[in-house]
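Read through the structure below, which is laid out as structure tokens, and then see the notes.
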Amino acid sequence: MLSRRGLIAGAAVLGAGMVSRVHAAAIPEAPVQTSPAMQRPLMPPDGRPYNPVVTLNGWSLPWRSKDGWKEFHLVAEPVVREMAPGMRAHLWGYNGQSPGPTIECVEGDRVRIFVTNKLPEHTTIHWHGILLPNGMDGVGGLTQPQIPVGKTFVYEFQMKKSGTFMYHPHADEMVQMAMGMMGFIVVHPADPARHRVDRDFCFLLAAYDIEPGAATPKVATMTEFNLWTFNSRVFPGIDHLPVRLGDRVRIRVGNLTMTNHPIHLHGYDFKATGTDGGWVPASAQWPEVSIDLPVGAMRAFEFDAIYPGDWALHCHKSHHTMNAMGHGVPTMIGVDHRGIAKRIVKLVPNYMVMGERGMADMGEMEMALPANTLPMMTGQGPFGPLEMGGMFTVVKVREGLARGDYRDPGWYRHPPGTVAYEWKGPSPRG
Amino acid sequence: MLSRRGLIAGAAVLGAGMVSRVHAAAIPEAPVQTSPAMQRPLMPPDGRPYNPVVTLNGWSLPWRSKDGWKEFHLVAEPVVREMAPGMRAHLWGYNGQSPGPTIECVEGDRVRIFVTNKLPEHTTIHWHGILLPNGMDGVGGLTQPQIPVGKTFVYEFQMKKSGTFMYHPHADEMVQMAMGMMGFIVVHPADPARHRVDRDFCFLLAAYDIEPGAATPKVATMTEFNLWTFNSRVFPGIDHLPVRLGDRVRIRVGNLTMTNHPIHLHGYDFKATGTDGGWVPASAQWPEVSIDLPVGAMRAFEFDAIYPGDWALHCHKSHHTMNAMGHGVPTMIGVDHRGIAKRIVKLVPNYMVMGERGMADMGEMEMALPANTLPMMTGQGPFGPLEMGGMFTVVKVREGLARGDYRDPGWYRHPPGTVAYEWKGPSPRG
Amino acid sequence: MLSRRGLIAGAAVLGAGMVSRVHAAAIPEAPVQTSPAMQRPLMPPDGRPYNPVVTLNGWSLPWRSKDGWKEFHLVAEPVVREMAPGMRAHLWGYNGQSPGPTIECVEGDRVRIFVTNKLPEHTTIHWHGILLPNGMDGVGGLTQPQIPVGKTFVYEFQMKKSGTFMYHPHADEMVQMAMGMMGFIVVHPADPARHRVDRDFCFLLAAYDIEPGAATPKVATMTEFNLWTFNSRVFPGIDHLPVRLGDRVRIRVGNLTMTNHPIHLHGYDFKATGTDGGWVPASAQWPEVSIDLPVGAMRAFEFDAIYPGDWALHCHKSHHTMNAMGHGVPTMIGVDHRGIAKRIVKLVPNYMVMGERGMADMGEMEMALPANTLPMMTGQGPFGPLEMGGMFTVVKVREGLARGDYRDPGWYRHPPGTVAYEWKGPSPRG
């Protein structure tokens, strides 16, 4: 029987066609997730304990333990991602979804990650922020051969430090990231009491350019994207971040778009406690309400959820809380036009100029849209139309949620495909 | 007589048509400012003392004290803003101007802000950075109903901490911010000796896309804006920041455009002492000469004005110190072209190619422009053409200005509509 | 004989035509560098000692000492810059290159910089980040007259503090920076033991818009640049950063483009130790792997090179590691298209759709390109095609390089015009 060692030494690149039954047993399963709904956190089944994260509209990848290594299996492949109810995008991702599953492990862990390429072109994976041997760095051509179509490459390294990291290809990079290939990595501290919080959320920022009515991103777009996403979801398809009153909360974000995104949280100030380079010492922390996420960078920020309510969490660039169709609209606002409109109305009684008074009407009226297209501004809250899209969701701080490690029955998620802002707690007067 | 309490409990949304004489007395005046010139600071007429700020080309909103509350009245409405002499924009703003007036109060103050909607569509106000009850957060649909056209909504909250904040709509947000709806908030420390400076300036960054010859912004523009403003003014329409030699100076800036703006000050290095999240501890402060303002974020930075002179203060993106018409110009620089030009000149003696040697000539020549349009590069200084536009002004550090709390006769402002760089102090040699 | 003093007092602006033989002797030589290859560091020939920097694909400007001043001579002029083998750009720069030479001096030095204008239009130089008298600040029209064509202006000031600075025009600024006019300034500490590192690299970020087949930048482009450069070079034309295992390394970067650039280093985390405002105190430093460079700002970051290998150093915006021709390509990825393609192939046997499976093929195939144009993705590494362009290079950490002050024979540079990734050290398995 082929030993693990033999497998590694002799066949760094495994052809799927070459894999015997013995080999097949040597490669761990590649679990697949087809739902875009936020999954319960993955409690560690074995190995050292940690407090798992929750991936916004995502999931964490199960592993198997083998001879002191944690073995994961990522499959790069075309996927269909529901961005919000009513729109499905044809992306590239991992294990059935874009972004791929979150990889969680513990400081000191030795991890072995099998990467099988089921894309129509070669790929690699770069482990962004991880300290590792040069040969494991995943830069196609520079530190390893590209992984050919149909083959499996095995990465092996030890997690030297805890923190917030991500993975993405370093092969045909513009195309493969524009198609959605990315995933989160969280390395938990060896001592679960260090950097402990009650709720730990994570997600990636990705931008797509998908023409209304189409499903595949235009991969050469550099600036004029029309879908700005949290984990390849747009409002109203993004899950809430449910939090119990009094919880210590951490939100981890990574940016793989082409521009900075200032992530703004209402109702709180907070501090960045970590980056993809490590934990930020207390002496260096700034109080903030909008944390600017540079491209190719990550931030973890924390706060005590002591104020109950529905607190908006969104990118503060106003076009990034809109869905597609927002940018080619001509401006009709203006006095002159209204004069003209009145004269037209005399001739054509039902004449209506969209946007002559602003665009708020669009949040209310149901316009006919091309198939597979979301409204530019949409969403209904407890007090009426929200007029949002894109990178927008809500941190819900409630008395009613049970505290703690996520295993409690109070774990809360609104049903997939619905948007339920049930909060009517304090009246609108305060 | 309707009590205050009755007013609040019974009529959070007041219809203008419903307001009786009794009601009318219950709503404070809404002062209007029609001049775009920088106004003297508003000394607190009553309440706790503080050192007021100066709003660049703006003003602070008077309030009335009532039963222990400070009452302000903002009116959202269409306005005409002179961006610089020679160009007026049709914007939306508050109380006669865009941006709206600065709201100043003191840590611990209870404030009641009446917001009357005279726009053609509904609106709300979000109090960016302020810690307040969820129902006062101003997110239309989520935390309150939209304020209908013609109605008044009353916000009430206590200022929990001092700092640098802003207000803007959270309703039809892309449109309403593209039209200029925004304003500054400064909450002064309860103890006026804390964070005290001698000069305290504030302004917001806004971007507009107004076609040469037009007056109304194109509200769907995402990146290709052509007017980059400090408080909806462009050079040479932006007032100076006059400072006495030796003053401790604070400049507070908030960004409501769609891109980062690195605000660069010549002649000094400085440190950011505050954000919209709070005061930055000394241990965390970086020395800088260009402070990057993320979108939806604010920075306060400070320095001791110990070097006399005219020190440029501007966004360091070169296109942001230009006015409109800068971006469609073809490049004529090049040897080949000059060869062609020579041959053309033989045939057409007066032929002139704009820009074949660069564009510096444009700062000098007076080109015919469409009505209501500013030159791309303009301005005359003591040593010739400045060739600037957009986000550019000058911090003037002078011996001659009286020091202190702004009440002194030395308060200095150049006459509205003029640009007077009279400084000839140290010779150009140093 | 005209004394130095008389020269300065009487002739701040020297007409080239006016310069007598005596004058000529008073103006120092203006050395010219025509090679785009990285030059050995300039060891200080006299004056106080310091550890020189290495300018990526650049050089440092020699000076002469005169009466206690260091005298430099910059000549602003049109230049031809090879961006990578196969493409030459017609830029404006200084002393034969764009960017201009790095100016190095020591804290406390008195420097006199002669600036001769051989451009077709007027210019000035602003000394970004330097504390100096207002008249030396270089803002055309505001602090000095523009320097006319053919004339020489003399700047004089004392370097008050050590740090990382740059120079660029403050005259027709959009055009002159779009044409490549910029250079680095390093002021070394008075005590060479302070802030000492073993390797000290510096470069500027510049963006150009040069149409495939053309040579002159389009100067009015605001966002859609197509050549993203380190010191006006693109991959594979950018030199490596060679480092000995165990070296303390500093990399200094300044940004004169129109957008933020997150400079990402593989294999390490690091800390920013300086900005153009000064040295960052240890208490304020953040650990990072991607450092965001705002426009008009500079960062110095440091790390101990304890991990051997070829570590990519690049901007993390995926389009910025591509060369021109990348952004107008239509997306061919998709199931439907492949169906159509099959049907077309029945009719047209040799039909090939570029990019239907992604664009990785483009890194491999040799497409016919217009003259003077670089491939969109290119470069060969030890393991195959790298598929990169633009702002990408490699930090090479090797046992074999001699340590220290750069004078050693181990100083390493790959031959100009070649890309040699010879590293095969640790196997791709780690």
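Letters A, B and C mark the chains as written, and numbering starts fresh at 1 in each.
As a working rule, contacts are C-beta pairs under 8 Å (C-beta built on N, C-alpha and C of every residue); 3 or more make two chains touch, one makes a residue touch a chain.
All values reported here derive from a predicted model rather than from experimental measurement.
Counting hops only between chains that touch, chain A reaches chain C in a minimum of 1.
In this entry, chain A maps onto chain B through a rotation of 120 degrees when their C-alpha atoms are superposed, rounded to the nearest 5. Taken over every residue number at the interface, the positions common to chain B and chain C amount to under half, indicating a different-residue contact.
In whole angstrom, the spacing between the mean C-alpha positions of chain B and chain C is 35.
Chain C has residues 223, 259-260, 283-284, 292 in contact with two or more other chains. Residues 8-9, 12, 90, 119-122, 126, 128-129, 131-137, 139-146, 154, 156-157, 170-179, 215-223, 258-260, 275-281, 283-284, 292, 294-297 of chain B touch chain A in their complex. By the touch criterion stated above, chain C contacts chain A in their complex at residues 223-224, 259-260, 262, 264, 266-271, 283-290, 292, 307-312, 316-319, 321-322, 326-331, 333-335, 355-361, 363, 377, 379-388, 394, 421, 423, 425-430.
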